[in-house]
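Next, two complexes with chain A in common: one pairs it with chain B, the other with chain C.
Let's look at the complex of A and B:
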């Protein structure tokens, strides 16, 4: 092979999903029906790499039935592979997945480093940072990520998953690692349930009540403040601008003063971090790294969110504007449809009458809706967002189907003016609140906006039958 | 399969699907507009976008200064970047049907509101490596301020690239291990009940087993209802909102303790709109 000039781990950001089952979820594709563009995506079996636990090699590459839980009801984790790619020239098309044959005579080593610093984010105590590393490794055993913090009890850790360098073979010679996430357990700071006032709860017989929620007690509450930590908000305390938004997002109990929130001392086994690789080859050392994270399962695996991590990264990479010359009409149509499909897929799983602020059983304000937040944050008048009679979930689904039909037909795109621009989030007038995406929350706490790039794709697709040149505007 | 259409090789690599990986391992399966029970709080990628200071992940508040020449900026608010506003003004009716007014409150006397980093800073990210003019409040401010707040100070700050040079990888010096999850709920299971907001329904469903009822309106279950049943008669499908105040032993809803201990068995996947185990 010609001399490698650059290596890269792909994907650059891999998402693992927690689960306790022994076998990860099998691979699948999601297919949209050509005849039903807003129908449910079909889950189709795709080739799964089956790993031999003993050797760390791929035992088979085959399609297998797709289930998200095992027969015992445990969730199958998503355990992504990360591949080592390389190129020998400067061209974008020179990239290829490296094999053990490419690496003959080379030395390769990997290192994963992850963290769970949720407690630190609240307490500000650096000794609350839970961190783990595999150290550098080149063998094919599972390398555990044992999350430790200075404020943990001696010898205790939270398992944050493991990384394995998959053994290349003649049949499967490619270079890859696999990250298997943790199980989704809850860890804590006290064997017994502690109440907000600092005393211990007791059971009906007067015995101390053991905390059955915990996989293990790892946090030393004589060293750190997490158990019983108070994160107060108004009215009795001025709002602190350093708090998370929203604040008080940890397991806890109301405290003695209005606005107090007392931590139960719980931690989880989510994490994020990076995996690095170093390759000594041809008298030089090439390096690369990728990001990874472990979070909850996607509980509607045939549905996608509207605004995603990919959309943020794409916009940062390519900018907020779209050059129409770079896209064919079909590509713009497909991208715009995909955004609308994703909006539909979220709306389909929301009770839109509740989210609109409609009364339920004669009662108002029964959910954490944007209606409530307009009222709480800005003292805006309490009003439903849309007319209460038109927001049944099936009616809202029909509206989205109509939009896709308009987009496909070339009919005048009435809906583009109803898309909310990112700098219109302050508009809490009736008209402003009714813009789309509707009833949902943005990263700044107000109504959801698309990325500017998503907005621009829809606008260009919708107006392509009219005139692109005539429809220039700043997204 | 339908996916977004990346327009160059680097962007395509963001959606590179390694052999054997399911779609839920890719970044287009992860919500970015932030809810506490997710895989990432992706707002954190912007905290260190300016060399010398650190910002709140969801506000224009300077939380930390790493350059001795910039200590004057600590706890101030960033109001403009390269001429672009970072905050806006909340306007709407105070009473139903009333006139549109600035929605000032005792805790927000300016009626000002921060606009998310991603869309705001996408206008200047292409200037990474260069300095831009940033306008801050003149004094530390616990209160949000309008972009035209009169008492300001100016600093020329270098913008960092979000990416390692020439790659689609989030830059090493921008995000440390743990940063992308730090502002999520601890533990995340707690938020599945606590949030009571359902803006992230494609990840954490809300309204499931939905079909047209006898009256033509939708009939289905709340996902957290432990009695939900995809085969229930339509007349039996009732969406029950999360009760407030909550009780530890709610007869209908999956409780917090159940979520901590048995979330894997109790929470159902929704495929084709139907609950399944």
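Let's look at the complex of A and C:
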């Protein structure tokens, strides 16, 4: 038996993506094409672990075609694996992915606990918390996560996915679990559509309208107040400290008073939580845990957003400043190029003319934009962010692509001061609103900015030009 | 001598002692061939050429800075200087744009032309010369931007050095031309009120479209090299004589400093600061802030085996790979100028509505090519100029050669085809470089240009198809909405 001093579940955070197809998305890498470096990233098949549904063992490890929907049009979920690693010595390199051979004579057990507390976040009623646990388990069957809340109808639950301890075999002896998320369905509080005043909607013939969005009615509106819940804002009430920024971002409809927003009583099957492991080995019990969550599918899988969870984690781990000694010139230049590549990939998904506040067929304010936010939040006069004539989507894409092209020449970034700093997100001057990233809102309700660490990398790349030439190769 | 210009300025910029005395007391004589209105337009076009020429020379000097010769202890200083000079070059772009706006205000034809090789325009501040930054070239820049009343030992020293660097040819300060221009446009007897067309304001370049955030040092001063508040692009739309005079005065004070004003960080002051810093650092030992880039690099149409290494004052790029990079630079520079001309010449077509249409595409094309000029410039300063001559001894540089014409076709669709022609020429050069240049990093740059161009050409084809579908292909005043 291997002597273990510590164990870890890796990765420490795994994010699944909802989908109702039976087969998850196969594994893939994204690569920038050498011939089309300004085009879409190429999706390259990567080795995929294929699970035998009956035994829970790995049947094969092979590259398979990557599709994001099955032949019936159902979205394939992203179902991450989590691996158990153990430390066998004092050194940083003494970690390895544990196998069943390492665990001979040991006892292992897992437990996943997840929750969806979005409704509780609004109502403040603890009975609205939707929670699920697998309990401790050691077998290799799928362990369902059935989300239940006190305010649910008797016997009802929301499936939040399942966790499976993958059966190790001689061919694939490694220890791992897999989280398969839920299907991405909408659950509700009423079979029939209700109006803001609490009465039922009916069609022209007087028939009640069934709510076609719903997979199931799970919420008992006689116990909880989520259906018809009003989250008022000014002028109805002052802004309350518990409101999200912006408030009222749930399915609902306007109420009788200006500032009312009445909930339609919907719930979804996203969740997040933890998976724990306990290993009884050599007379001791080692423990570890990892975090997991399930979010919506990626509908532009060949693009990256300009600021991702990865960037947040990197900053949390390594700090907001960058030690120049930790990066070569080429690494900093490559990072700057990557950020700009993500910028045009993001622009590709934006309607820049509308988000800029341009009129459409003579009509203003036709979408939820930063222009509207500036008016609503700060009583700023309605004004487009950029000149209306320069925000054509293809042109804006092209502009960013040109910057990426020039960065590939080795020219240092020259646009540091166009980037919005973290403390400039509330600058509503023309210059402030036009900083980059443009036209987008951060989770704090104000203009999006890069992480401080992303900004620092570009700033450093801009200052290092003197020595770059020395590394260039003469033709 | 390019007499069609110089003959109208002889008494101003090459004055005899008697002329100088008279000039200080009275208005300079205007050619009997010109009205005051025409004379103002003439001066504005001369000023546009000078701004353009200064911009190219400043960019070249800025691109020359850096490289492996810079000692680590001087790296921060050199980075700062480059930022200062690039900032000044950008402000010259702003001057060039605002001068076009004044031209438009008084119904003059716009001009993006400038002198090229062989250089023979007597009214320019100094002979056009693309060269690395040296104390001599710096002295010329200081002199060109100097206020008229600048005197003292340092002024004498710089004048002497600048004159030597200009091969003892006479120097001019730009401030003299600007003062003449301001006096002319301000004079109602020369330029009547009716010459000022307020209704052209919508057809002028606006800061919102062209400023790109370069206001009061908010952009372009990331290293803190420029004084606080700079660079600050002056791009103003104009509706009256007073506004035109105020804009020209602002340009003069910012760049060419007609008056010494404390706290006004003119180009003159910024160049002078670099000159003073260089003197201090230079005394401390060997100081090489710039790469050994060629002086006045040019390319011939073909690479003859016995190609001369120089042509007059120019250095002929003969290295077989650099040859194509230089041509690529020239064709992209030409595309930039053509797109700029196109957007100014087609203004009515694209301001008839505020929807983003082909106007957005043209503005992006201009800025995209500006970026490429920067990228190609940074490549060329690290490439050899001649085969067998190490780049450490002599490097190439961006040639900034003017195209044979800046005129564009009459028909709107043909204007777009004009750009397509340049992109096609560029594609051919990219093909040669794809085969000849083995450097992986530069190949990555070339692939990105190729990729972007393919998409751009596709969009231009769509614009042309849209123009022809709506029957507006033949009119420059109704095209562009696609």
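In the analysis below, the second predicted complex is superposed on the first by the 443 of 475 C-alpha atoms of A that agree within 3 Å, B and C clash if a C-alpha of one lies under 4 Å from a C-alpha of the other, contacts with A are read in each partner's own complex, and residues count from 1 in each chain.
Everything below uses one rule, namely that contacts are C-beta pairs under 8 Å (C-beta built on N, C-alpha and C of every residue); 3 or more make two chains touch, one makes a residue touch a chain.
Note that the structure is a prediction, hence the values are computed from the model and not measured.
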Which superposed partner A:404 touches (first chain B, second chain C, both, neither): second
First (chain B), second (chain C), both or neither touched by A:435: second
Partner chain(s) touched by A:278 [first = chain B, second = chain C, both, neither]: neither
Contact breadth on chain A, by residue count: chain C or chain B: B
Partner chain in contact with A:240 - chain B first, chain C second, else both or neither: first
Partner chain(s) touched by A:456 [first = chain B, second = chain C, both, neither]: neither
Partner chain(s) touched by A:394 [first = chain B, second = chain C, both, neither]: both
First, second, both or neither for A:355, with chain B first and chain C second: first
First, second, both or neither for A:47, with chain B first and chain C second: first
Contact residues common to both interfaces of chain A (with chain B and with chain C): 392, 394, 430
Chain C-facing residues of chain A, complex: 34-39, 353, 358-359, 386-392, 394-396, 398-399, 401-411, 414-418, 430-431, 434-435, 459, 462-463, 465-470, 472-475
List of chain C residues in touch with chain A within their complex: 66-68, 70, 75-76, 78-79, 82, 86, 206, 208-209, 212-213, 215, 218-223, 291, 319, 321-322, 350-351, 354-357, 359-361, 363-364, 367-368, 371-372, 374-379, 381-384, 390-391, 436-439, 441-442, 444-445, 447-449, 451-452, 455-456, 459
